[in-house]
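Two complexes are shown next, each including chain A; its partner changes from chain B in the first to chain C in the second.
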Partner chain A sequence: MRETNEQTATRKRGPAEASGGTVLLAARGICKSFGTRAHRVQALRDVDMDVREGECVAVIGGSGSGKTTLTRIMFGLDTADAGTVRYRGGLLAGPRSAVMRQLRLESGIVFQNPFTSLDPRWSAGRSIAEGLVVHAARSGRRHSAGGGEAIDAAVRGALAMVGLDPDEFIGRYPVDMSGGQAQRVAIARAMVAQPRIMLADEPMSAVDVSGRVQILDALTEIRRRQPHMAMVIVSHDLGVVQQLADRIVVLHDGRIEETGATGDLLANPQSAYTKQLIAAAAW
Partner chain B sequence: MTSVSDDGKRSKRFGRGGHTTGNVPLRMRFGVIIRSMWHQSVGRFALIVMACWIAVSLLSLFWTPYPLLYTDGGHAWAAPSAAHPLGTDGVGADVLSWLMAGSRTNLVIALLTMLVSAVIGLACTAVMISGRRALASAGVVVVDALIAIPTVLLALLFAVPFGTSISVIVAACGMTYGLNMARIVKPSASLAARSAYVEAARAMGGERVARVFSPISCPRLSPVLAVQLSMSAGTSILAEAGLTYLGVGVPSGVPSWGHTLTTSVRLISVYPLTVLWPGLTVTLVVTALYLLGDTIRDCADPLANVELRKLAAAVGRQTHNTGADA
Partner chain C sequence: MNRTDMAQDAMTQDVDAATRPQLATSGEILHVRDLSVQIADKTVLNDVTLDIGANERVGLIGASGSGKSMLVKAITGLLPRAARVDGDITMGGTQLQAGDDAAFAALRGRYVGLVFQNPGAALNPVLSVEQQVGLPLRLHYDLDAGERRDRVMTMLERVGLPASLAGSYPHELSGGQQQRAGIATALITSPRLIIADEPTTALDAIVQRSIIDLLVSLVESAGASMLFITHDFAVLSRATTRCMVIDRGRIIETGDTTALLRDPREPQTRSLVNAAKTLTLNVNPEHHHA
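And now, the complex of A and B:
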């Protein structure tokens, strides 16, 4: 039987990291390359990764290490050249497969730049409600008389959860928001349908320092309120990772360099590359 | 959690539907857009001309100064007078009556051309930005090939089996302007389809093309659509005049501005005033239509019109307050 990267790295760090809740999302042997045959860049090389129910996994690594590519493949936004992704045991076989539809209904994604990931011509309320409207349409439910009210209440609840005043922000457009406010609206959009699993792809990289604090508070509040939701966070910021993540996966040059419990890995890194990352963050 | 409010009270204040999640009811949005247009001199001009055009068209359904079939052979090519404010044509028919009745025909042609070109243009754009590369490439090639066929040639082709009629003008104009529109809208639609917010919608289970074209997302394309549709309407009026002059437009006996121009243009050097009125009308309306598109683009886009954004914010606050009152 093939010994996977993650299994190897996990064994180095002890059995505690392998235990936990039910595996929600499992990637096996993921390979991905970009570019032409003459200039091919191997972004991912035989990567395995699991995300379990209720845990927050941080994927860290330098620029070009394959963090975003891996998580995009795991959440069905990209396809792998080789390897498989399973959601709750079912294989993600294609964009129209039943498992993919289930993943789409049960996942929420926060993108890097809120000003491009929110429709500039839609108010915050409309953007947040979109997921609920799509889900209602997908599940074949027609809008009943109270449907609009229920959506309204859910949208206001999501805005309140991320620390934004619903009255002030429900009708506000992204152009009238700061980076931190816009990203919190994007987080509210990802959270409004109460997903089982959430991906936050460098959610703080496009905002200023005060915005980062607000987003971190919002994500911490979400973890507190929804302890069973799994979260995958891609970040350069080890401070954020330390506060949010239960487990860290270190990617380097398309491979998993090391993985382990957050406190354990940050206190006692095994690989030279992880030590470099931690040392660089200390600056 | 804040508001879920009394439906009756909210309906009274904001109209029915559309007021949840900070959405502005269409009636209120329309009011702000019209007010914004009115505050611009160009927009005011366009609105006044459009209102006059529609009013005259409606009036002509019930009343014209003279019946269309009335002719006064003794006063052919008469100059403007109290009896005939815009004069008479070569058979002594009242020019004002024919222009009034013609405004109705041209309004129908402009509206139908907009509709047909919008359907063809958006359908072709949807194919050209499809995720299936072969289909998208084939769509681009087909549109590029068909776009080379001129409106006049297409009208002549349609006129062979179907004869001259308003339908022929609408079909020829709608098809050519629709293809042009598809080519112009495609870059905006492609950008929208590749944008992060469409990807975010796709991640929630939405379809890519549906997200770009759905009625709720049309604001992304509405600025370019507003300009293109108004240009289609304006150009269809010019095309009607040209095609009627060539004999493949509006059939003889059906009033239209092109028909009035055609009947009076033969003696332009002798009776220039009879050509002036229909020519002036066409110029005025076509100019107003072009300006209307530009103004709508500026006033209906929440990114460009801060009043729309203020309204949305106010609706978000008022919705809650009404709910609290209840």
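And now, the complex of A and C:
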């Protein structure tokens, strides 16, 4: 059996991150390029990555390193030129495949800019509830006769989990929120259906320091309350990664540069690029 | 000849005296007195008073919505028409009246250079790098095309952009290259004041560091002053020597950057500093130099 790239890199760092729960999401040999035939940019080169139940994996790297492309492919938002993605052992084989439907039902995604990912004409309550309604319909479950009340309770619970007062925010529109508040509403929307796995793609880059702390607190609380949920966070904010992630995957020029347990990798980076990344963030 | 004189001499070589419009000379680069701005009955700036002296690099920090960008817009005459402005702004010895678009336009790009947050959006998508960087020279100085090109190519070299990118358009550049083009555009006329409004927010840590170092070294070598807006305190301490804290449109604290970050007086400043500390990577950077 072929040894994966991630295993190769991991072995150099020791066995700490190799152990853990069941693999939920597994990417193997992912390649992706963009552009025209004359100007081809190779975004990902034969990348392998696993995400296990209950762990938080941070994908870090410079702009253009392939972080967002890799995670979009792993969560079925984009397709690879080559390679495979498996969710709970099943192959993601196109947008209509059963495995893709299962991944969509069981995953929550938080995008970079809450003001473009939230519908400006919908209140926070409606945005959060929509995910719940869609998930219930697709999974064949229907809320009972008191469905409206059940949805309302779930929405309020999700708002409270991200540190927002439900009474204050359930009817509020994005235009009346700060960046940190809007992103926490987006996190509540991703969390309301209690996903098995969550992707947060640069969730703090569009907000100020106070908002970043609020989002960090919300994500920390989510991890505490839902210890079995897996989380993938794309970030170049290493201070946040240090506090949130169990494991770090460093991408550089479309390849996995290094991977390891968070504390170990930040204290003893092996590659020159990772050292440079940490030195730049630590000033 | 002292350092400032040498820098001034270098500036004069960049845009020679014959083509430089006359400006009043003064040790103070920017005076703002009792500046208040209201938009739709909302007070966005409240009694702001500040000075920036020659060769000073001053930071302006505050939470989102505190008035940082509004202050920049007020100083550079870019407020919306509906804004009601009270107070005095004096730049380069010229007292500016709100609504006097011609006076502000005469200073923008010449006396004051602007570096914006998102270079991808700030650069004109239909202008090549050479056209973009040369635009302030075209607008403010009477140079022939050859002379303008020479100055642009010199500036591209200074900001670390290869000459081969002169004909490239913004979408063909990386984020870091775009911001280098933005810095070149801001500095091409050797302005006395650079206003940088969160210029590295959209960039990764490695590029961010190189852009800050570049900006500081170019501002220093030109003998210019800088107003640096940020909510990244690591960037603040690297780029500035003095800083001001703005909260709900009012300057609430000002002081030496290092001292202010170490010992903030006002509760709002303490809250910002504590938040920044929470997000700071806790490793020894000495161990990580490649």
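Heads up, the rule we're going with is that the second predicted complex is superposed on the first by the 276 of 283 C-alpha atoms of A that agree within 3 Å, B and C clash if a C-alpha of one lies under 4 Å from a C-alpha of the other, contacts with A are read in each partner's own complex, and residues count from 1 in each chain.
The definition used in the following text is that a contact is a pair of C-beta atoms (placed from the backbone, for glycine too) under 8 Å apart; a residue touches a chain by one contact, two chains touch by 3 or more.
The structure presented is a predicted model; accordingly, all values stated were derived computationally and were not measured.
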Combined model on chain A where chain B meets chain C, clash or fit: fit
Touching partner for A:Ala153 - first (chain B), second (chain C), both, neither: first
First (chain B), second (chain C), both or neither touched by A:Gly260: neither
Partner touching more residues of chain A, whether chain B or chain C: B
Superposed arrangement, angle subtended at the Cα centre of chain A by chain B and chain C, nearest 10 degrees: 80
Which superposed partner A:Pro269 touches (first chain B, second chain C, both, neither): second
Contacts of A:Asp208 with chain B and chain C, given as first, second, both or neither: second
First (chain B), second (chain C), both or neither touched by A:Gly66: neither
Chain B versus chain C as contact partner of A:Ala280, first or second or both or neither: second
Touching partner for A:Thr116 - first (chain B), second (chain C), both, neither: first
Minimum C-alpha spacing, chains overlaid - chain B and chain C, in Å: 14
Doubly contacted chain A residues - partners chain C and chain B: none
Chain A - residues contacting chain C, complex: 61-64, 178-179, 205, 207-213, 216, 236-240, 242, 266-267, 269, 272-273, 275-283
Residues of chain C defined as touching chain A within the complex: 63-65, 174-176, 201-209, 231-234, 238, 271-272, 275-276, 278-285, 287-290
Contact footprint of chain A on chain B as seen in their complex: 1-5, 7, 17, 20-24, 195-197, 199-206, 216-217, 219-220, 301-303, 309, 312-317, 319-321
Complex interface listing, chain A residues touching chain B: 75-77, 101, 104-105, 107-109, 111, 113, 116-131, 134-135, 138, 145, 148-149, 151-153, 155-157, 160, 166-173, 175-176, 186, 189, 193
